[in-house]
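You will see subunit A twice below: alongside subunit B first, and alongside subunit C after that.
Moving on to the complex of A and B:
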């Protein structure tokens, strides 16, 4: 056996178990999920009924709309807070490491535990947030219990927890920009404002693309916070009156509370298509508009 | 000019400290609330009227909380070890061996990154029911034993290892597996620890799949335990002091570990984010 083919054999041996795993745990189930979305619940044979039922369901459209709202509310806020913090921390000389450490802390803590803490803080009658608002002369709000405020309240929790990640990546992105660009701009007499928009921001493009794509994909999959902020025993999460329901919460309710797995599969197929679409479109647009 | 710079710096420090208050309040509120007695939740008070530790004794004596803790540690450690081993082995093979089908295999593995977990949980559940994997450690763990992201990351870092180093080991007569284990792996230690931290944290906080696959109290992981204890176990009102006690016990150790290893954690995550 030649050296070349002996090496190749070694490679195949190394890859055998992981490849079987990828095929069995990732690829086959992906195909099965698509097939399953055409199954009849509890019966045999293929049907389009799941999709028909889904596209005529008011709750489905509500969950789709809410999911898009979570995206457009949480992602820009995370990015804005993240870049603001990164710039401020980059500007000060003392306590840099301390600030970075504290602001990143929420990101690593349990989403379930944090959601329950916020749920307590949001309590309309005895919550700390309303106490604080009252102290400032603002009337008490009902937050998670009002259909108008619930989605925003969930979004605040998500933003509170995820902004530190954007900050961290922005700090790394800022540090990767060669200092001479800033010096050159300063020597040319550019104002701090001009330096930010003409030098820093364009050079942060790769960071921005990365954070936007991961942020949008994460927001499309919002589940844990909604489940723990709005769920209670005996009733499904996503309330009040479906005002906070996301596509994943809808999938979970349909699949694992109502035990209609084929229908739930159809919803996840839509989610999959959405994630794919968003990724492709975003990469194109963001890469193009910042090219020089 | 000098004084203006100082003023700007002071303003920034003030804004950053206000932000820290916003970050800190939920943590503070969680701890304070865990030390209140249940009737105190019917009115508002910032500090507990009487410092009451009974929530903690109840959690340790009357619930299976410690068991959930143990389950989370078992799942986190095994999945992380498996992910590190397989991701680096596959990453190494794809980076350092030439063989037919290498490109196709790499693309195949990468393509699984585009499929969201949400699409997979339903087939996984059907599969687990069929193979009797539900409500077992293996059932909770199998989806995470190897992931495409780790493979991609480790391949990137393995590409940077000089071939001469590996060839020298071959001339010395080391087996291919030993070369991977003793020559290649030590070269990518820092990226291994970054991937390890990410994987462990991801598993420690995982919720969607565990809540689907776990059906008994004894098998729960920490997030599932807290979530279902708060809702399903207590049909009546929310037992806020217990919920906050459980949350505190789940969050505080992670915060302490984070404070000790924050440099490695923060830099590891920044490193993997940029790659």
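Moving on to the complex of A and C:
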């Protein structure tokens, strides 16, 4: 055996270990879940019953609609806030690290802890938010306990938490842009507004694509915040009246509190297809190359 | 040897005593022949007083049975079923599972449990040993799991708040409860700051309607075979309307006030709540005011008494056999003995499940345990086919009244249909 092929063999062996791990931990369960979505609950034998039931279930469509709402509401907001914060921090001379830390902290704090703090702040009778609104003469709101305000209330928590991450990536993206472009634009007499839209924003495109794709996938999989903001030991998360339920929460409720794992698997298959489609479309649209 | 004990046993309490005595002899026999240590795993959810007590009992048990090792594992309540589902499907489950009796149909359908072996305890032995309510956990004519302790409902009331409002004692009837509660309910600028009665739906509230109000108003929740929902009568609607009026018309409390009725009560912000005896331990620890326990009110003075009873049970997982099965049986026998049950009452605060202890005067005369023990006499344990979805139907439907002002009678009809649909679905999947 030549040295080269021996080296290659060693490399293959080392590569095989994580591959096997990945196959066992991720791929095999995924395939099993896919197969299981065609099982009857508590039995075997293939059936389309789960899919039929799912597409006629009011709650399923509600969870799909809500999931899309979470994407449409949270992703643009966190990107806008993230880029705004990044630009402002770029101008600050002192305490730069401090500001960066303050905005990034929510992202690395436990989602469960954050959700519970917000839950207490949202409390209609004792919550600090209603106390604050009261001082300003605004009547108390029900937030998570109203079908009209709950989805928005959950979204606020998600945006608040995710914006710090978007900020950090935007800061990195901004620092990667060579300074000479800005200097050239300034010498040509471009206004700050023009510089942003004609220079900064197009050059941030790779950052934007990355953040949009990961943000959308994250929003499609929203679970922890909903579970902890709206669930309790007595009632399932996603309420009141399914107003905040997402597809993953629906999966969880079906699989682990109703013990209907085949049905839950069917919902995850639909979610998988949805994420795949959305991601492919996004990469096609957003990732076109710009001519500078 | 076991057989001989079983045949000669007259009642199960006798069997229990001899079983425990012979248990020691039996195990030394077994160790003589094989000398191997058997390890069994016990799963329960994390409820601090239960976990401490269980660990203590395991030590006692292991001392009596040196060649059985019991490994206790507990998981948070919210994740418990998830954990069980995942582990059982992966054949990684425990030997003995602690579960809510209302989950038995689901667990059996999923193939997590095996019936209590008749060589261990026959159906009639179980019927004789336990208080009648335990029959409600029978499933398809078989017992799949057995309780250590049972619980019933009663009123917890804040004595300090009663005194301040000039109320002499706990209410006897529901109308009295409402008028007392109104005296203690405080609104400031249209915001509730103190509630007289914490009428919840997601906690014990839904049992309150189904097993107490409905029955007191002259209805019955289900048909004898549990397949039909039978509350859809004028009396049923009246009971439902009365319950909903507590929130909507009388405004004596709010379901979401202060993170739920139990929390509000512990914080001293609710005058009364309906809760189970399992809450006693928590109350003793966290309520820093004078509180008392009173029996569930009736519709009219001296009227029909009703209660809801429930319990957690221990079952043996499917597939457990041989030495593991024997050890599991022995452990369950130990847990269900009257000695353990008495100990359990003192440390956990749950009432004994053995019939022989139901008339124990020291329990009946206790100011706190007494009303609960009394309540057991009138208690029904609802036969759930899917406890979680049935509860969720109540939460969702009543929310239509609270959040969307839907008419009560319309919601009542929808709720009946929903509950019926859950049963129909369950029983149709049974026959296949």
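The definition used in the following text is that the second predicted complex is superposed on the first by the 287 of 292 C-alpha atoms of A that agree within 3 Å, B and C clash if a C-alpha of one lies under 4 Å from a C-alpha of the other, contacts with A are read in each partner's own complex, and residues count from 1 in each chain.
Here is the rule we go by: a contact is a pair of C-beta atoms (placed from the backbone, for glycine too) under 8 Å apart; a residue touches a chain by one contact, two chains touch by 3 or more.
Note that the coordinates shown come from a computational prediction; the quantities given were computed from them, not determined experimentally.
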With the two structures overlaid on subunit A, would subunit B and subunit C clash, or do they fit side by side? clash
State whether A:239 touches subunit B only (first), subunit C only (second), both chains, or neither. second
Applying the document's definition of touch, where does A:103 land relative to subunit B and subunit C: first, second, both, or neither? first
Of subunit B and subunit C, the chain that contacts the larger number of subunit A residues: B
Just subunit B (first), just subunit C (second), both, or neither: which does A:258 touch? second
Which of the two partners, first being subunit B and second being subunit C, lies in contact with A:138: first, second, both, or neither? neither
In the superposed arrangement, which partner chain does A:280 touch: subunit B (first), subunit C (second), both, or neither? neither
With both complexes overlaid on chain A, does A:176 touch subunit B (first), subunit C (second), both or neither? first
Output check: A:114 vs subunit B and subunit C. Expected answer is one of first, second, both, neither. What do you get? first
Would you check which partner chain A:268 touches, where first means subunit B only, second means subunit C only, and both and neither mean what they say? first
Is A:184 contacted by the first partner subunit B, the second partner subunit C, both or neither? neither
Overlapping contact positions on subunit A, where the subunit C interface meets the subunit B interface: 120, 125-126, 231-234, 252, 255-256, 261
For subunit B, which residues are in contact with subunit A within the complex? 8-9, 12-13, 15-16, 19-20, 22-27, 29-30, 33, 41-44, 46, 86, 89-90, 92-93, 97-100, 102, 105, 108-109, 112, 114-120, 122-127, 142-143, 145-146, 148, 151, 176-177, 180, 201, 204-205, 207-208, 211-212, 222-224, 226-227, 230-232, 234-235, 238, 240, 243-244, 246-247, 250-251, 254-255, 258-259, 262, 265-266, 269-271, 273-274
Subunit A-touching residues of subunit C, taken from the complex the two chains share: 77-78, 81-82, 85, 89, 106, 109-111, 189-193, 200, 202-203, 254, 256-260, 386, 388-389, 391-392, 395-396, 399-400, 403-404, 429, 432
Would you mind writing out the residues of subunit A in touch with subunit C in their complex? 40-43, 120, 123-126, 134, 140, 145-147, 231-236, 239-242, 252, 255-259, 261
Once bound in the complex, which stretches of subunit A touch subunit B? 4, 7-8, 10-12, 14-15, 17-19, 21-22, 25-30, 32-33, 36, 85, 88-89, 91-95, 99-106, 108-114, 116-118, 120-121, 125-128, 131, 160, 165, 168-169, 171-173, 176, 207, 210, 217, 220-221, 223-224, 227-228, 231-234, 247-248, 251-252, 255-256, 261, 264-265, 268-269, 271-272, 275-276, 279
